[in-house]
């Protein structure tokens, strides 16, 4: 199981030089709290930054009066951690922890953006694995179970006719 | 969530003074790897021991020729850890770890046997909680998602008509 | 394990009638993405709303020019789901799912705010339970293990001197 | 993460034609509930069967008087599910479920036995992943948290000097 199998392929993208409020409008319309700011290099779409609700709110106290003039680039986190689609889940979690972030753009080997992965996606896949394991164990335990042989304490014979 | 809500109520019981092979026959018929040996005290069914596949196999090298004469009491683990049905899952796991066992009879406050709980049951309940949490998180993330706005890198305009 | 044992007790509070930018400033200073808006009723601090990064960003497109005049009440989600500190984890997850939210203020029986609980807190406690269970199972499996008896395929005798 | 990274390399092996009691003796000495019965083919050690506590106990009612004459082959489960060391965890769980078994010998691409994998091993690795994810999420949430600003309800000013 690698990052490419787990990540969300529907990633919303913006350009660093577009107005922040235009990106915010897009985020609201799509109901996402995060978009990837991309540049085009050698016909590839390459992540240049990541823009989250938190990034935007952090900017507000200083920039409240200049909101209409801000660009995505003024607000986004540059040089975001990018994960490769062929990285393992385990490595992905380790690298997210190292950088202290909950999500990262996912790229192909050539740097082209292919998706975004978040702790939510990772939780989903781990929960699925655990459920599958739990069902395996339960099927083992329960499958052939018949009615119990639990008697009333002061009455009936049980296995083999012996009294309790 | 406490032990009583998680445990298996269909526990198979034997008596310490019944022939081991009779208990083994019952275990095979029921397809279980574990039965609880019980005594009746003051009209209550009280665990006196626990008998597992492992207990039986461990006895074989010495007792291979005396199998027909063995009683459950000769083979069972006495004074088994018993968990109370009102104990929390967390406490139950801690006490199982402390004793180094994977399963324990479950009793009511008055000592009466009500079920058996194993690491398999605990895995089941934890997996259920995690799945429920994962679905909550996923519903949050995905619910209102529309089609992505990801363009071909060298072609189309995206949010707001700006070229990439 | 109930909500009171899992929730974060350090909850940041604001008043519905304070300026939004003042709350935003506080959120940045505390590095939190969520505060609880409270009212005082009968000497109790009672949740009146919840204010998140997302709530704030959603307001921006329309209110970009009026940011300095907005109050917390203009932006917050009113009548938030509140969880009782004596609710079980399982019930808490179910109620969060039903409302489609990731976090909720936690109150005492009398309605007084005592904390906030999020899917992050719940993940933490479930992961802890699963780790504890995994260590129990591992201790069972591995504890008394000695060196393996795996021989080279074409050479040595193994258990009992029989050749492979 | 694949089966080879998760499996237990110390697998205990027996031969199909060795006396059952000799294998039982070895199982007790090693404190394992399962051994792999192997044959040598083209200088490779190849699984021919799997022998568990349960297999042995199931045989007892009929064979109690012939225990000393039984061979491993009389008791073992033949043609066991074997997993390849390069299979993914997800596939491994699926195949174990399909066969309804909790453990399987693990082989190299050429069929040579390299280990054994059980639901216990799989639980261990999933629990590790979940813990790692929980720590990532917690580090995000808690890291920069300062003292709370929760005031006494009827007293002090809070963020920005406003009374509650």
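For reference, chains read A, B, C and D in written order, and residue numbers begin at 1 within each chain.
Rule of thumb we're sticking to: a contact is a pair of C-beta atoms (placed from the backbone, for glycine too) under 8 Å apart; a residue touches a chain by one contact, two chains touch by 3 or more.
Please read these numbers as outputs of a predicted model, since none were measured by experiment.
Participant: Does the chain A and chain D pair touch with the same residues on each side or with different residues, judged by whether over half of the numbers are shared?
Facilitator: Same: most residue numbers at the chain A-chain D interface appear in both copies.
Participant: By the contact definition above, name the pair with the higher C-beta contact count: B-C or C-D.
Facilitator: The greater number of contacts lies at C-D.
Participant: So, comparing C-alpha centroids, which chain is the farthest one from chain B?
Facilitator: Between chain B and the rest, the longest centre separation is with A.
Participant: When the C-alpha atoms of chain C and chain D are each averaged to a single point, how far apart are the two points in Å?
Facilitator: Roughly 31 Å, centre to centre.
Participant: Rounded to the nearest whole Å, what is the centre-to-centre distance of chain B and chain C, using the mean of the C-alpha atoms as each centre?
Facilitator: Computed from C-alpha means, the inter-chain centre distance equals 27 Å.
Participant: What are the residues of chain B that contact at least two other chains?
Facilitator: Those would be 25, 123, 126, 130, 133, 137, 140, 143.
Participant: Could you tell me which shape the graph of touching chains takes: line, ring, star, complete or other?
Facilitator: Topology of touching chains reads as complete, every chain touching all others.
Participant: Please give the residue numbers of chain D that touch chain C in the complex, ascending.
Facilitator: 8-15, 17-19, 22-23, 25-26, 29-32, 38-40, 43-45, 112, 118, 120, 123-124, 126-128, 130-131, 133-134, 137-138, 140-141, 143-151, 153-154, 158-160, 162, 164
Participant: Please name which positions on chain C make contact with chain B in the complex.
Facilitator: The contact residues of chain C facing chain B are 1, 88-90, 93-94, 96-97, 100-102, 119, 122-123, 126, 129-130, 132-133, 135-137, 139-140, 143.
Participant: Sort out for me which residues of chain C touch chain A in the complex.
Facilitator: 21, 24-25, 27-28, 33, 52-54, 56-58, 60-61, 64-65, 67-68, 123, 130
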